[in-house]
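Heads up, the next two complexes both have chain A, just with different partners, chain B and then chain C.
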Partner chain A sequence: MSQGYRAVGWNPQKKTYDRVLGLGLLLYLGLFVGVGFALHPTATAETLLLRGLGTSAFLLLHGILCIGPLARLDRRFLPLLYNRRHLGVSMFLLALVHSVFALIQFHALGDQNPLVSLFVGNTRFDSLAHFPFQPLGAAALAILFLMAATSHDFWLANLSAPVWKALHMLVYLAYALLVMHVGLGILQAETSPLWAGLVLAGLALVLGLHLVAGWRERGLDRELAPGDAGLVDVCAIDEIPEGRARVATISGERVAVFREGLTVTAVSSLCQHQNGPLGEGRILDGLITCPWHGYQYDPCSGRSPAPFTERVPTFRVVLRSGRVLVDPTPSPAGTEQVPACAEQPQ
Partner chain B sequence: MYASLVNLGLAGLGIYAVLGLAFAVAFAVRGAQAIDPAAEQGTWGFRVLIVPGAAALWPLLLLRWVRGDGEPPEERGAHRDGARGGGA
Partner chain C sequence: MKDDFYIGYLPTTTPGLGAFLKRTGLAYLAACLVVALGLVASMGGFSSAVFEYGVERDFEGTLVGGPVPMLLVDRPSSEGEPSSYVLTAFGKFGAGPEVEPHAGARVRLSGTLIYRDDRTMVELSAGSIEVLAPVALSRTVSTERTEELGELTLEGEIVDSKCYLGVMKPGNLKPHRACAVRCISGGVPPVLLVRDDAGHASYFFLVSEDGGAVNSEVLDHVAEPVRLTGRAVRRSGQTFLYANPAELQRL
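Up next, the complex of A and B:
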């Protein structure tokens, strides 16, 4: 959380995550080059490594894009989301090395500046079969650089979570550019339909998972209007599982209404860290715990426990005849609220 | 024409990057804590990690440093804005 910054806040889970990631990537590259030599004995090591790095980055990007919707569809995928930033930085480094290799192999041997050659070496923009696909990869790499360079929590705090999140949504533009980069590259270098089919299958997987996850949440962003006395009727108290939240859109954003025992509290559902979905979290040790990275908030005040300083807006809650009513006017982040308390069953 | 534009664009990008790198080193050593108190106790590893981002976003950071922003910007959003505009 928000204390003195370190390069990486290592813990046993992150170390395991990164070890598995590193070993997996080394295994993939070794297999790609080994199998490549077996199938194409005339291929050079540089070409195989170039393709191995490119395909590993592209595959990793698919994984990164699928983790979000998978975690929304099934909570068992949440541990993968925990350290997604390391996946992103690793993917950028693989793409960077792939790009440097490509620049050396295809553009460094002429009398032109390799970077200039990358953009002017092929200008067949009017031909699909000869379209200059390499500049598309360069544009995607620029976006991935910006994302990797701003992945530290320092940038999250200093750009603010909504701006940081908007910047990192550019990953979808990078993905679109890379689908074209890889698709057009395959079109120009391969005759087998297998590779083009795999790219399309990957695209269908990413799009499909996002559509299904969006469909599952389609009702959540429908704004609830206030009723009598200006309060919003969210649900019956029994509909909120113990230690968890019911999410409703009130005053333009999602509100998480938590129940712990007989008490009910409500906070804005956006975690101050990466705007994670607090409403999908649960109460652990008396604190609302974000499912993404474990940031915690007091359910009554919306404040992180000292020495941390994160705060989220809170809402006044009233219980009437077993219904949970929320005052739609948000209180400033960190404002203490008196929790609504249900009567003890007789 | 296209080649001239590419040359011009890459030259501009090169100048931006060189200026950004020079700024980023100074920012990592002195500027980060000037705009964010949590960076005061930041480790050297953290300072090295923010160099690429500072080189990319240097005009924004230079503005904040010169302006003397002592704190990170306040987060915006419908609830936070709603609370500022007349909440409890």
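Up next, the complex of A and C:
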């Protein structure tokens, strides 16, 4: 959590994650170039490396984009999300090396600055088939750079979670640009149906998973209206699993209503770190624990335990006839609430 | 297993979740490797062209200037048409500026061979031209034969001769367009690459109707299917198309 900043907050699980990632990438590139030379002895190393780096980055981006919806469909995928930033930075580095190789190979040692040549080398903006594909890749790389450069928690804290999140949603624009970069670039030369088929399959997978995950959550954002006394009836107390939450949309915001034993509390469902889904977390050692990165908050006050300083808005909760009623007006982040207590069953 | 709750900063995860992650990671890696194999196996476009990178050879012959600089080398038998090597410079530049001052002279030079099919090019090593005999004493040019092939309408793709003959693989089609533009813009002679139904390639060096360079005029048409009509001439083993580049048609 965010008491201070370190370049990388290493821990055993992150190390394992990164080791597997590094070995996987080496294996992929080694296979691509090695088998490439075995099957195409007249190929040049530059071209094989260029393609190996480009395809590995593109495949990694597919994995990154699929982790989010997969984790929403099955929480067992959440550990993959925990260190997704390292996947993102690795993908950016692969794309960067691919881009530098391409810039040198196609634009350097000529009569124009390579960076200028990148944008003026092909001016067929009037034709889809001949549309310049390299500037599309450059635009995507600029977005990926922005994301990689701001991936650290320092930027998350200083930009605020909503701004940071919005910035990082640009990954979808980068993906769209890269699909066009590939479709209008290498697919114009590599005419095997396998290449085009894989790009389409990847697109279908990413879109499909997002649609299914969105479909599954379609009811979640249905706004609950206040009833008598201006309170919102969320559910019966026994509908909330022990140590878990029921999420409801109240006043346009997702609210996580937690139950621990006989007490019920409510906080904003947006974790202050990356806006993770607190409502999908659970209470561990008396603290609400975010499922994404383990950030913790006191259920009554919405405050992280000292020395940490994160705070989330809290909501007043009332129990009436076994129903959980929530005041729709959020209290300022970190405001202590008196938990609602159910009566001990006789 | 459904209730496994993962906390990344704890030393370990539960065995059930750990096994699931192991299976998932391996499946993703295996899928990526299978994709890599499929992509590599289905790749095309790697010709048998050769760029003898790092190997420098010496050549002796007569320099021909103009938009397509060449070195004409007498055959050992001293009979027949001399062998011709199109000359280019390092990087994405033509050899015109280095060759022009010595056009017509007998020279010795060094460079790196680039070849594909029956076409050979030499990347001239900078500053390596050594004049052996001035223009008036050279005899090779007088043995050059010119053969008029008549007016032809050709359909093909404009490529830069240096990359297509071996420096890049593939050295044509859209992914290579920006590079071809840079090379042709830098003076590398443009070639209209024409393939017959059997896939056999013919190379036509593009020059203007009066034999001048057309590099800047063809840049917008590089790496696209085009049609052009012009007067075809075969000289020193190379074929030239004398044409008006303004008449280039996109197909």
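The rule is short, and it goes like this: the second predicted complex is superposed on the first by the 346 of 346 C-alpha atoms of A that agree within 3 Å, B and C clash if a C-alpha of one lies under 4 Å from a C-alpha of the other, contacts with A are read in each partner's own complex, and residues count from 1 in each chain.
Here, a contact is a pair of C-beta atoms (placed from the backbone, for glycine too) under 8 Å apart; a residue touches a chain by one contact, two chains touch by 3 or more.
In this text, all values refer to a predicted model and were calculated from it rather than measured experimentally.
**Student:** Looking at the superposed three-chain arrangement on chain A, would you call chain B and chain C a clash or a fit?
**Tutor:** Pair status: fit.
**Student:** Taking the superposition as given, does A:307 touch the first partner, chain B, the second, chain C, both, or neither?
**Tutor:** A:307: touches no partner chain.
**Student:** Of the two partners chain B and chain C, indicate the one touching more residues belonging to chain A.
**Tutor:** C
**Student:** Specify the angle subtended at the CA centre of chain A by the CA centres of chain B and chain C, expressed in degrees to the nearest 10.
**Tutor:** About 80 degrees, rounded to the nearest 10.
**Student:** According to the stated criteria, A:76 is in contact with first (chain B), second (chain C), both, or neither; which is it?
**Tutor:** A:76 contacts chain C only, not chain B.
**Student:** Should A:160 be classified as contacting the first partner (chain B), the second (chain C), both, or neither?
**Tutor:** The first partner, chain B, only.
**Student:** Counting only touches as set out at the top, which of chain B and chain C does A:123 meet: first, second, both, neither?
**Tutor:** In the superposed model, A:123 contacts both chain B and chain C.
**Student:** How far apart, in whole Å, are the nearest Cα atoms of chain B and chain C in the superposition?
**Tutor:** Superposed on chain A, the two chains' closest C-alpha atoms are separated by 13 Å.
**Student:** I'd like to check the shared interface: which positions of chain A are touched by both chain B and chain C across the two complexes?
**Tutor:** 123
**Student:** Where on chain A does chain C make contact in their complex?
**Tutor:** 9, 11-14, 20, 24, 27-28, 31-32, 35-36, 39-40, 42-44, 47, 51-52, 55-56, 59, 63, 75-80, 82-83, 105-112, 117-118, 121-124, 130, 132-134, 184-186, 188-192, 194-195, 198, 281-282, 284, 289, 291, 293-294
**Student:** Report the residues of chain B in contact with chain A in the complex, numbered from low to high.
**Tutor:** It comes out as residues 2-3, 6-7, 10, 32, 35-36, 38-43, 45-46, 48-50, 52-53, 55-57, 64, 72-80, 82-84, 86-88.
**Student:** Per the contact definition, I'd like the list of chain A residues that touch chain B in the complex.
**Tutor:** Chain A residues touching chain B: 2-8, 113, 115-116, 119-120, 123, 145-146, 148-150, 152, 154-155, 157-162, 251-253, 255, 268, 270, 272, 312-313, 316, 329-333, 335.
**Student:** Within their complex, state which residues of chain C touch chain A.
**Tutor:** Residues of chain C touching chain A: 1-2, 4-13, 17, 20-21, 24-25, 28-29, 32-33, 35-49, 90-93, 168-170, 173-179, 181-183, 185-187, 220, 223-224.
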